[in-house]
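Chain lettering (A, B, C, D, E and F) follows the sequence in which the chains are written, and residue indices restart at 1 in each chain.
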Amino acid sequence: MFAVEVRDHIMIAHSFAGSLFGPAQALHGATFVVDAAFLARSLDANGVVIDIGRAHEALKAILAPLNYRNLDEVEAFAGINTTTEFLTGYIHEKLSEVARADGLGRPGAEIDRIRVTLSESHVARAWYEGPIGAESGGGK
Amino acid sequence: MFAVEVRDHIMIAHSFAGSLFGPAQALHGATFVVDAAFLARSLDANGVVIDIGRAHEALKAILAPLNYRNLDEVEAFAGINTTTEFLTGYIHEKLSEVARADGLGRPGAEIDRIRVTLSESHVARAWYEGPIGAESGGGK
Amino acid sequence: MFAVEVRDHIMIAHSFAGSLFGPAQALHGATFVVDAAFLARSLDANGVVIDIGRAHEALKAILAPLNYRNLDEVEAFAGINTTTEFLTGYIHEKLSEVARADGLGRPGAEIDRIRVTLSESHVARAWYEGPIGAESGGGK
Amino acid sequence: MFAVEVRDHIMIAHSFAGSLFGPAQALHGATFVVDAAFLARSLDANGVVIDIGRAHEALKAILAPLNYRNLDEVEAFAGINTTTEFLTGYIHEKLSEVARADGLGRPGAEIDRIRVTLSESHVARAWYEGPIGAESGGGK
Amino acid sequence: MFAVEVRDHIMIAHSFAGSLFGPAQALHGATFVVDAAFLARSLDANGVVIDIGRAHEALKAILAPLNYRNLDEVEAFAGINTTTEFLTGYIHEKLSEVARADGLGRPGAEIDRIRVTLSESHVARAWYEGPIGAESGGGK
Amino acid sequence: MFAVEVRDHIMIAHSFAGSLFGPAQALHGATFVVDAAFLARSLDANGVVIDIGRAHEALKAILAPLNYRNLDEVEAFAGINTTTEFLTGYIHEKLSEVARADGLGRPGAEIDRIRVTLSESHVARAWYEGPIGAESGGGK
């Protein structure tokens, strides 16, 4: 399996509901360094998984509406704990939508899986890896 | 598959038996930067794989008896080469025991796998990834 | 000049006043990975600049009141843009106070300077370096 | 599954054919930081996947003919876009040949898979992971 | 002294003249990860050294004419070994010109020094640090 | 000021005398990732501070007698706490000796200073920076 992975980041505020989260129940924030990996069984005629520039653009477009936001006020996340893990699934689902619509410069059917990793500090990170099919449920 | 990963470290002395190891047969030492990743097929009701604070504590508790030790003198390791690879399996088994005993704040049955990575320098690392079942044999 | 440097981190929310900041005028957040370096012209009788454990504790104590907070609501920061640069100066001043009070396990007079670095992402960071004297003005 | 991974690097020039590549169609270059991971289901009698020194040597031997070269002039790559992804597959195939010939200090049959990762910058990397069998086709 | 530092990168080809360079006399290439640090004695009214977005733009504008190029064919570098060290000085001089022309969103007289670091691999880097005055000579 | 910096590492065992060190009084160990930076006011005729290959070799030669050793048994360190800080000074002095003897491929008088950084983990490091003169006293 081949993969190509690109990196970007967002800086967001949010709070969590649930005693499990202790002090993180208060409004706080995070820089999430986001790595998006695209996996395919073979390279295309150009010798790439997908164009790396296109990968950067696709990721940036999905992150833009989240960047410099208080996620507690983002309508799509109403009633949801926007944990690092949840966001990996959410970004996976958004990237999968682009892939399924052939929006990555290569037929979606040739993209096997996507893995999204969010590093929240030098000592903690989370990821979601799964196929790009509608049934993947990464963001659910 | 979702994953959450936390980082800690230990500073140990040890020596190796076997000509394969060359100069590392002598008593020397290492800083092992340890990453423990917990993998699950779905998030819990809080939206996490397991609580990240709990993950840090579980890892720290397992590393504490090894930290600042000469591993050649640790009874559990008598007659064993405490290679980087061996230690990944050992820490995996210890974390799996905690997971199976529901000690990670989530039923062990909901934890699919654990991956333990030890970086011994900027140019070498090792990992063990496997299920948490008693038969996993990571530390054997 | 000798130096010893330790690392910790905080996760905070804040907003900025001023059109310069563009989208960062909105409430957002950041993970700041904080490196605190202590510089001295010579080592003490133990062969250290200051004890590394003590350095970790001093930094953690100063970061604790900021961690998991919305800095817009921290009284000490009223009317202030809590930029990455400002926070480097603020933490420098707090660490300097500890040093001047001989709170680092070594006479403050033997600590020459302190440098505080905050990394806000993989592509941006800031630092403040200065002497620990009351006149240093790092946090002003 | 156990794994051991070692790191080295090469500094090469090359150009790409195809409008997809935009400005990268011109002759340019890259530092590729190369991580080679060897995966095995069990440790050998010494307690290792393979000797880490042997792993470093095997990787260095394969990289040497590429280092400080213009890949456009390497005969084996005539007519090929030497993309980051292609090179992961090529190095995988070369390492697999060594493994199959028992050249890693352990019977090739005990090496399950190899993963080769090339980081081309702080924001982009690629990898190929596959079995070491002749049919793996990593470099094709 | 306060500082703010931003990161970008270029991917270039070049060759060196002089037996000192051994195999690097051949046409090869490099990814240079470039860190540009701006140092000032005090923060401005907004609480920053300079706007971080502006810093990113200034660096990108200077790197653009070099990116995806064979530096042997860049007129400004005719007869020059474009070593990592040389390039740190060159980029320093270009950033200093922008600073002196008040192009960083703050009077150049308030910028004390600039430091430019180029990492060419995980094991080697170079930097140039100096004042922004016309006499600094970083690129000479 | 120009600088070029190279990286290597050692894996050693040692123990410390003094209650300050707590559990680190026991025999333990460390991987020290070592960065050696050479600073000069100007580049030489080749356009370098010193040849980067020569820098790597000089550092490796100094680290070799320490690598895979129990520093408690190294004669030169008898009665000395081989702290991270101490070792930065020791390696600085050894590199300075080479520089003063014109052993870096450039007259020692043209090397202004050397900085040696030892990273002992992802959260702690130390460095020593000073001139290369016999009176520098880095290793004393």
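The working rule: contacts are C-beta pairs under 8 Å (C-beta built on N, C-alpha and C of every residue); 3 or more make two chains touch, one makes a residue touch a chain.
Note that the coordinates shown come from a computational prediction; the quantities given were computed from them, not determined experimentally.
Enquirer: Just to be sure I understand the contacts, which chains border both chain D and chain C?
Expert: Neighbours common to chain C and chain D are A, E.
Enquirer: If over half the contact pairs have to be identical by residue number, which pair among A-C, B-D or D-E is the repeat of A-B?
Expert: Over half of the A-B contact pairs recur in B-D.
Enquirer: Please identify the chain with the largest separation between its CA centroid and the CA centroid of chain E.
Expert: The chain farthest from chain E, judged by C-alpha centres, is B.
Enquirer: Using Cα averages as centroids, what's the distance between chain E and chain F in whole Å?
Expert: About 27 Å, centre to centre.
Enquirer: How far is the middle of chain A from the middle of chain F, if each middle is the mean of its Cα atoms, in Å?
Expert: From the centre of chain A to the centre of chain F is 42 Å.
Enquirer: Compute the distance, rounded to whole Å, between the mean C-alpha positions of chain B and chain F.
Expert: 31
Enquirer: Counting only residues that touch at least 2 other chains, which ones in chain B make the list?
Expert: Correct list: 7, 122-123.
Enquirer: Within their complex, state which residues of chain A touch chain C.
Expert: 7, 9, 11-14, 23-24, 26-33, 67-70, 120-123
Enquirer: Under the touch definition given earlier, write down the residues of chain A that touch chain D in their complex.
Expert: My answer: residues 1-8, 43, 46-49, 51-53, 56, 105.
Enquirer: With touch defined as at the start, can you tell me which chain A residues reach chain B in the complex?
Expert: Those residues of chain A that touch chain B are 16, 18, 20-22, 80-86, 88-89, 122-130.
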